[in-house]
Amino acid sequence: MRSKLFILLKSPHDFDSLDLMVSIGEGAPTAALLFEDAVLFAANEKKGLELLSVVNQVYMIKDDWEARGLPLVMTSFKMIDYPEAVDLIMEKYEQTITL
Amino acid sequence: MAESVLILVKKPPYGLEDAFSALRAGLAVLVSGRVPVSNVLLIGEGTLNAVASQRPEAIGMPSNMEALHDLMDLEADVYVVREDLQELVGDVQLLEGVKVIDRERARQVIDEHDLVTTF
Amino acid sequence: MNMDTNTAVKLARAALEKGYHVGIFGYGEGVTLIKEGQDPKRFQNVGQEVQDLLEKGLEVVVCETCSQARGLVRGEEIKGTQIGSLTNNLSRFVAKSDRMVTIAR
Amino acid sequence: MRSKLFILLKSPHDFDSLDLMVSIGEGAPTAALLFEDAVLFAANEKKGLELLSVVNQVYMIKDDWEARGLPLVMTSFKMIDYPEAVDLIMEKYEQTITL
Amino acid sequence: MAESVLILVKKPPYGLEDAFSALRAGLAVLVSGRVPVSNVLLIGEGTLNAVASQRPEAIGMPSNMEALHDLMDLEADVYVVREDLQELVGDVQLLEGVKVIDRERARQVIDEHDLVTTF
Amino acid sequence: MNMDTNTAVKLARAALEKGYHVGIFGYGEGVTLIKEGQDPKRFQNVGQEVQDLLEKGLEVVVCETCSQARGLVRGEEIKGTQIGSLTNNLSRFVAKSDRMVTIAR
């Protein structure tokens, strides 16, 4: 199985593909990379843990997170910048799937 | 003929321009002087627009906080639904001047306005 | 592009035909409604619809700030529609209206 | 309480305002008017009944429904055309709220 | 260098142009002759694009059924996830030629393609 | 307008600076990316960003059909960007790419 990086852009409230992520990711190394409104997963324990339970690692874009000014609940999410995001996409994972 | 309009904001700040656009629309209606009452109700993820520590400069976006301040300067009411905010992010500091209300009061607020527009 | 502009225009047509006064304010992506020369091939041509309804009394105004953000400038709009402002135009629509219908997701 | 007509455009899958509809509609005569992807509520019993349980009446635009070619499950939804939609908005209900 | 692309369609037909756009993109890539394999996977509400009795002319929209037929004529595989369709609308007739698969097979289909793009 | 074009352009910049070859294909609403004369006031000017990145080797092509649907025609695009087609341009990007990132909701 190819390793998979899931790209998320929607807020937890609008995100509807958790089931899909589980079934696609089964048996492969997986991570989620959060852009834009998807960083709100890091502010909500319930939603954040849900996400963390279906992928091996969660990354999020620092700028997008900081703009929203919220208390960080999911401290295990890894805060990254755009160059690091490029490394994840180009080097660390074999497939990139937007959900 | 409408005497009052309520701007209902469901969208969170910054990922979409919707919330910012909503607040500018509310402000413009007030500034025009043609409609006596133009208030804002923040519900669901829309409540996050009232968080005090936003830093929109991190992503080069205009500030939704300023937009809310402008509205309140012109005596618009800005309502935030407590339960929604609590469920999303727990306790956070909000902009000074916003009115934190419960869902029951939110229902009345909606009923009090002639027109309602949603963002 | 979602079908919201199509829906808005169909609803406007029905209301005009019943004798109501109807205004459409295009906000955000909705400003594309008035761009002249729309050619959506197999999709419905909303611009064409707008043109027809102008004769029946439809008023169409779009937000200038949103238009500028998308590089749509005065002179590119369908004749009879207007690139206007929230303060002058939206407020006038709001003040005159008995009902306001938001067609957006 | 003013009577309320809720306008829905999103598919049941994307629709996230059922709770909100309940709390806004409490104590008032209410209806939902389905346009575009929202007509999919009529094809799914679970989602359709959910919707019907929070408003007094559900209307949907016939053209939008027919385009999708699905078996009609919610036979109590009232199929209407645009002129009828205008009557609902202008005459039958006092407030129109898009959710 | 990619030898195959999978067009993953989550959006239902007609309310948004996304599903139609997705299918046209898949077709164009095939027609170009530059990429040997361009297949389509319909999941969630995207499965409704394969329903046989669609009547897009009711709202003046181009036909997503035709777009699927064009793809299959060029030997693209069009997969539909059975469980998703079943959950949404129960038993309905689908376009001839589409491959109805389960979620486990959908997972393999995704894994088999070099690139995946989502609509 | 959502912030997807901003995100796409920031990601493209980072990839270019790491020496990757990067192409952006604007599809659907994404075609607004290349409209000349964008003036989004207090929002970030994506058009300006695109212009900078063209010098660093970014290729930007948008779908002609989608552009026509929105009344955006050849000559209105930022110099150095291209109004092209799915068949010629998207397919070339797909064939040449090791990774494809969809930035859309």
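Letters A, B, C, D, E and F mark the chains in the order given here, with residues in each chain numbered from 1 onward.
What we mean here is this: a residue touches a chain if its C-beta (ideal position, glycine included) is under 8 Å from a C-beta of that chain, and two chains touch if they have at least 3 such contacts.
Note that the structure is a prediction, hence the values are computed from the model and not measured.
Chains that touch both chain A and chain B: D, F.
Chain centres here are C-alpha means, and the one lying farthest from chain A is C. Of all chains, the one whose mean C-alpha position sits at the greatest distance from that of chain B is E. The pairing of chain C with chain F is characterised as same-residue: of all residue numbers used at this interface, over half are used by both copies. By count of C-beta pairs in contact, B-C exceeds the other of the chain pairs A-E and B-C. If you average the Cα atoms of chain D and of chain E, the two centres end up 28 Å apart.
We define each chain's centre as the mean of its Cα atoms; on that basis chain A and chain D are separated by 34 Å. Taking each chain's centre as the average of its CA atoms, chain C and chain D sit 24 Å apart. Residue positions 1-3, 28, 41, 43, 65-66, 98-100, 102, 104 of chain F each touch two or more of the other chains. For chain E, the set of residues that touch two or more other chains comprises 14-17, 44, 59, 61, 115-118.
In chain D, the residues that reach two or more other chains under the touch definition are 9-10, 13-14, 16, 36, 96, 98.
Because contacts link the chains in a way that matches no line, ring, star or complete pattern, their graph is best described as other.
Of all possible chain pairs, the ones that touch are A-B, A-D, A-E, A-F, B-C, B-D, B-F, C-D, C-E, C-F, D-E, E-F. Put simply, chain C touches chain E in their complex at residues 1-3, 6, 41-44.
Across the interface of their complex, chain D is touched by residues 13-14, 16 of chain A. Residues of chain B touching chain D in their complex: 8, 10, 43-44, 103-104, 106-107, 110-111, 115-118. Residues of chain E that touch chain C in their complex: 14-17, 59-62. Interface residues of chain E facing chain D in the complex, by the touch rule stated above, are 12-16, 44-45, 48, 51-59, 61, 88-90, 92.
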